[in-house]
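Below you will find the structure I want to go over with you.
Chain IDs A, B and C follow the sequence of writing; residue 1 opens each chain.
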Amino acid sequence: MVGIITYGAYIPRYRIKTEEIARVWGANGPEIAAGLGVKEKSVPDLDEDTITMSVEAARYALARRDIPRDAIGAIYVGSESHPYAVKPSSATVGEAIGATPVMTAADFEFACKAGTAGIQTCMGMVKSGMIEYGCAIGADTAQGAPGDALEYTASAGGAAIFIGNEKPIAEINHTCSFTTDTPDFWRREGQIYPSHGGRFSGDPAYFKHVQGAAHLMLDQMGTEPSDYDYAIFHQPNAKFPRRVSKMLGFTAEQIGPGLAVPRLGNTYSGAVPVGISATLDVAKPGDRIFVTSYGSGAGSDAFDITVTDVIESDIFNRSAAPTVEELLANGKYLDYALYAKHKGKIVMQ
Amino acid sequence: MREVAVVGVGLTQFGERWDTSFRNLFVEAGAKALEDAGMSGDQIDEMFIGNMSGGRFVLQEHIGALIADHAGLTKNHIPATRVEAACASGGLAFRQAYATVASGMQDIVIAGGVEKMTDVGGSETTDALAGAADREWEGLAGATFPGLYAMIATDYMNRYGLTREQLAMVSVKNHRNGVHNPIAQYRKEITVEDVMRSTLVADPLRLLDCSPVTDGAAAVILCPMEMAREFTDTPVKVLASSQASDTISLHDRRDFSTLDATVAAGRRAFKQASLTPKDIGMVEVHDCFTIAELCAIEDLGFCVKGEAGKLTEDGQTAIGGSIPVNTSGGLKSCGHPVGATGIKQVCEIVSQLRGEAVGRQVDAEIGMTHNVGGTGATVVCNILGV
Amino acid sequence: MSVPRYWRKQQNRYNLKGNRCETCGRYFFPPRAICPECRREGKIVDYEFSGNGTVRTFTVIRTASDDYDIQTPYAIAIIELEEGTCMTAQVICEPDEMYIGMPVKRVFRKVISEGDSGVIVYGTKFVPA
């Protein structure tokens, strides 16, 4: 049965508080923090980018379980902030984890669901026997324009999920998707910052597609929310996933472990992969996990996952890499000026 | 091998020479050396020129021919060779010239050094100088040239208890000497407080621990001892000229606080001359950074490892001390036009031995020079005497 | 440097791939074509270093060339890898946290980027272990 073989998350150590960003723009910090449900977000170091974070996440995953590197047949990195517009992040990741040269690779883009699209692709390639192991990474050094609402939540981080058939730590029982052409959030080629449709990115976008895919999953699996121990939804802020989970019938306890956004911000393509990592950090054999990602433009990928005994066996060493909680702890706080320097928001020439 | 003498020396003013080009800097020094030797250019048989970075600083290669041409020497089609070992390029030129005369291959050979560093900006200079170290494995990692010597200083200070003030005293002494050197870039005294207050470049080294960026050229003329009196009443004999190499990267060295190439070149020079450190009246060492002077004093054998800071503090390396070091003002006060320094050091010792070092004279008959490339990958030592 | 030069040593920078001399047992990072001890008698084989090491000496770079200047002040150290050979690398931590003897482990980071349109060079740096 195809499933997750190992996983690893990476979060940079710098942080900035919502209130500090609000201070610069003359806005009410506590009010915004409360409204978004995000009190601080992660900030990349000057020498970090989507590629470096993807490599660290993949290396953490391999530290938990060593897969023969020449058996990794595919690597897909999904991001909205690939360091190159043309030159694949996935090839560098492959080189850095010793999987090259016998493998395929490509970079994905589908806003915040590029990582989960990679998971689906790896599933197909494994199930069909084309590859033994595949690696799907979702990672971003997300950008929000100065003074824009997105600036409070656009953060940095990602996770690597390895897919295979052989003794998975969690079986992926099913996946399905709901996709339409919806212009809720986009970035034109050459533009630094994305644009978005404001309130349009709510009901017609996030909520329609997340619910669309979630209902498809529940119907196709014949399940109800109460059949699951955990649920992970895309988290552009804390408000949306709390609302959609309630609408679907999931509880706050179910979404708790996978909800990193209040302290992490929105890592765009990294959001759901990090949510999956955070959940697997605490899951026990037999736990059933419901996942629905969302990418603007727009689409949602849903997954139904059951954790196996392997997660607590001696072929998998969960403590060999930091948990999401450990990665979130001990952040180093920056003021807005240093944050702007780190994010390349200061015009240097 | 026959005995070789220095019969003429010439130095340009060292400093920011905005009005003078790379080629004209050397012509200035060469002309002065010929004047000093009372010699005509037609008498020169061969030329060796030390230059580290003509290619980066003035986008010029083929420096041997360029300099020979503008010195008016290509009329006689003399052999002209550019030699390079980063900051030891001048030392290399001297030793090659010495060997050419000593072996009997040529009679009158000019050894020069020149560097024109100020035609490019600070960032380009920092980057060019990083070529003295390992570009691929030190430079690419982000280590600057001062950064490498700073790591030597950190290691040294940790092991031998050298204080920051003792290190500063090296610069203070060299500046005091430089006041009396007409060609020095900086001819002003500084204090330990000045050094300690100057801006940090790479911890623990501060701006005033570092030799400056300088334009300059130097030239010396060598001939067989038996011919020397045709040109000068005060020939200075080359008693030894030695060279040694070591790993290009600091991280591959046996001991970060010891330049093994200095130890090797020093021993070879003393052996060639049948002398010991006790016989040396004054020494010009390669103080690209203050810590380099302390290591040099120890590695050449003038004192035990770890003691050079105390030796400096006690005034033993000042003029009047037991072993005057860098009476010229060193690289710190004269400035460090990279390719010229090794030759300038010889000029200083020759002036001293001739009794012409006004205001900074030491009474001695034997002097030594020590020139380093990079963080110690090449070292050239010369011993001269009257 | 140039694109082929960066590419040629990629595996070495990314994965601390060096080599060792089986004849005398010495480890080399950066890799060497010839063993300095044994020279042509030495049998050189590939070796991938663990990435664990100790700071032997260090400095804090405060002035650097344009490509590195945005990161100043940053710590550079000579790190003794646990296998016994030394290399030069950046250590990512507060400059005043650095000390001789500090244990470090490797991380994957950007080394430099050649302006806005050139290549990005990646490699290994270190963090306190």
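In this text, a residue touches a chain if its C-beta (ideal position, glycine included) is under 8 Å from a C-beta of that chain, and two chains touch if they have at least 3 such contacts.
Here the structure is a predicted model, which means the values were calculated and not measured.
Closest to the middle of the protein, by Cα centroid, lies chain C. Highest inter-chain contact count (C-beta pairs) belongs to B-C.
Work out the mean CA point of chain A and of chain B, and you get 59 Å between them.
Spacing of chain B relative to chain C, judged by their CA centroids, is 31 angstrom. Across the assembly, chain C contributes 71, 111 as residues in contact with two or more other chains.
Taken together, the chain A residues at the contact with chain C in this complex read 45-49, 51-52, 55-56, 59, 83-84, 92, 95-96, 98, 341, 348. Within the complex, the chain B residues that touch chain C are 123-124, 126-127, 130, 135-138, 140-144, 146-147, 150-155, 158, 199-205, 249-252, 256. Chain C meets chain B in the complex at residues 1, 5, 9, 30, 56-66, 68-69, 71, 74, 76-78, 86-90, 95, 100, 111-112, 121, 123.
Every residue of chain C that touches chain A in the complex is listed here, in rising order: 10-11, 14-15, 70-71, 92, 107-111, 120, 122, 125.
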